[in-house]
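The structure under discussion appears below in the form of structure tokens.
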């Protein structure tokens, strides 16, 4: 089963996700190589976000196996009657998550912490840095996304684009092996989109492994090593950006046509 | 808990006097209902006056609401029943004094509920009502008020539960409610534990039903609004 | 009208000021201790309801519903007279009052905490998880501060309710403000003066507490430009015009 090649950082084997009786993710296999940028496209409700959330177990998969960096992760047991039994499993997943950075559509910065604290908190709690070291690290990451001068502001006073920069810095501060972007630019005003895309492009060029859910087709075509089209909870088609210029599947064609004209 | 009791619970005292207790309970519910009706009627003009641009209306309404919400119910009861009578202002029966104090206290809470319900109606509703040619008064009566009342129902039911609990206080001014009956019988028969427990269980049953009912209504209504 | 006011005699009220003050002191003590205990109880109950273990969650739910249905006066009489006569269980008035107040209000606080708990956007938890923060850190550093900020206004209402409800403890002989007023009202045969004075004192205390609480809320929300929390009761006396208050810059 686990014919994990050394170049493969992430591998999904027959991963599914159900919420109650509705299936949001059909059995899915996927491999992501180190340094690869995978863009996931598809209509809303097609399971793209769920796919990302399964990878870092924010929404644990219902069945299947995820292999990350050589370690296997299975769906956690539901210890609904005696939650204490789940502790060691939970710890392992927490460590997994600290190796995967994630950026959200709604930014999800912590409103009651300053920009610096937003970035530093993760470093202190998961990498075991001291407060001073964490602050230093935070400032370095903030400089990288151009937010250093706002380090002591509260997120409430920032624009959407600025909040998203903070969120990216927060994810990068943990020195992740994989970055997940869940429609990182969808909630932004049009004039702020390009700034965020530029940061993502820079990351990709620096060799970061990335999974990007996006509606920005131009970005996907230029930056992705591989594009995945999802519909109704399943991967319908995958290939290079070049191949996506002439998609095979009818559903892919319809989708691409609709966003090019919309 | 049972182990603490040195003697068995004597149901016979309770069943013998169940008629008095139930009559008392009915009186409690009655006075609470009357008080709530008064509060609901007083609350709306208070809320409107509180929103008014004229200080002549706004300031008295604000003070009324502050008084109603800031002074404990028990003091209002004493004030209306003993203090006013002593000054020869007016003399009230226990029932009327109870109803008035519940109504006055409740009016402050109801005014708050109406106010927030009114401000929860989107301003676009007023604008679109004006756009189809309704006058301000018409728009208020036909468009705004029905929507506001809908949001006001769950918190209003909470206020009713609050007043119902408050009504249990009225035995202190001699309203012949259940506790009054329980007290009398308890003293006569030396069985306070049985009687107070019975009275407590009855009141709790009524308030629980009201509380759970308000919870259900709240859930039902909030669903209706969202979808 | 003039005869009415001529007849009023507030002299004895002033003479008895030290007695009334003692009553206020007792009231403050009872209110603060009960509120603190109710917060602890409320957290426990809310924790039970939120528990991932089903039986505990159900127990919490039932307990909250039950406590919400009980009138303070009923509970007091039952505890103080009923239990006492059943033997071996005589409460002192003040502990009985504190116990009853904190029990009943812990149920209200539990509901408030739960609503606040659910009002924090789920994205906050997702983000904390994605940052690899342990559950504990998420709870204490991310979740709790935001819950506190959302629930503070409603908690203030509960505190005010507790202060007002201490008056009911007079029924079991706690010498708080109302009990003192009652005593001297009967002694001097001046119920109007003493009850009016008591009403005004309560009003003043409630107003002061409301004011102080607003400051606390503003401090807790200092990271926000505008206070966006929902207030159940905004206008106690002075809050009327304040639709959205602007917090001072941090």
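The letters A, B and C name the chains in turn, as written, and every chain counts its residues from 1.
Simple rule for what comes next: a contact is a pair of C-beta atoms (placed from the backbone, for glycine too) under 8 Å apart; a residue touches a chain by one contact, two chains touch by 3 or more.
Keep in mind that this is a model prediction, so the values were computed, not measured.
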- Query: What clusters of chains are still held together by touching when chain C is ignored?
  - Reply: A | B
- If you average all the Cα positions, which chain's own average lands nearest? C
- Task: Would you mind checking which pair of chains has the most C-beta pairs in contact?
- Result: B-C
- Task: Indicate the whole-number Å distance between the mean C-alpha point of chain A and the mean C-alpha point of chain B.
- Result: 53
- Note on the structure: dist(centroid_CA(chain A), centroid_CA(chain C)) in Å evaluates to 45
- Message: Can you work out the whole-Å distance between the CA centroids of chain B and chain C?
- Response: 19
- chain C, residues touching no fewer than two other chains: none
- Note on the structure: In the complex, chain C touches chain B at residues 4, 7-8, 65-66, 68-75, 77-78, 81-89, 164-165, 167-168, 170-171, 178, 182, 185, 189-192, 195-196, 198-199, 202-203, 206-207, 232-237, 240
- Note on the structure: Residue set of chain B touching chain C in the complex reads 4-7, 50, 58, 62-63, 65-67, 69-76, 78-79, 82-84, 86-89, 109, 112, 115-116, 161, 164-166, 168-169, 172, 179, 186, 190-193, 195-197, 199-200, 203-204, 207-208, 210-212, 215
- Residue numbers on chain A that touch chain C, as the complex places them: 53, 56-58, 79-83, 90-91, 94-102, 104, 106-114, 121-122, 125-126, 154-157, 167, 170-171, 174, 180
- Task: Write out the stretch or stretches of chain C touching chain A in their complex.
- Result: 51-55, 121, 123-124, 126-135, 137, 141-142, 145-146, 149, 223-225, 250
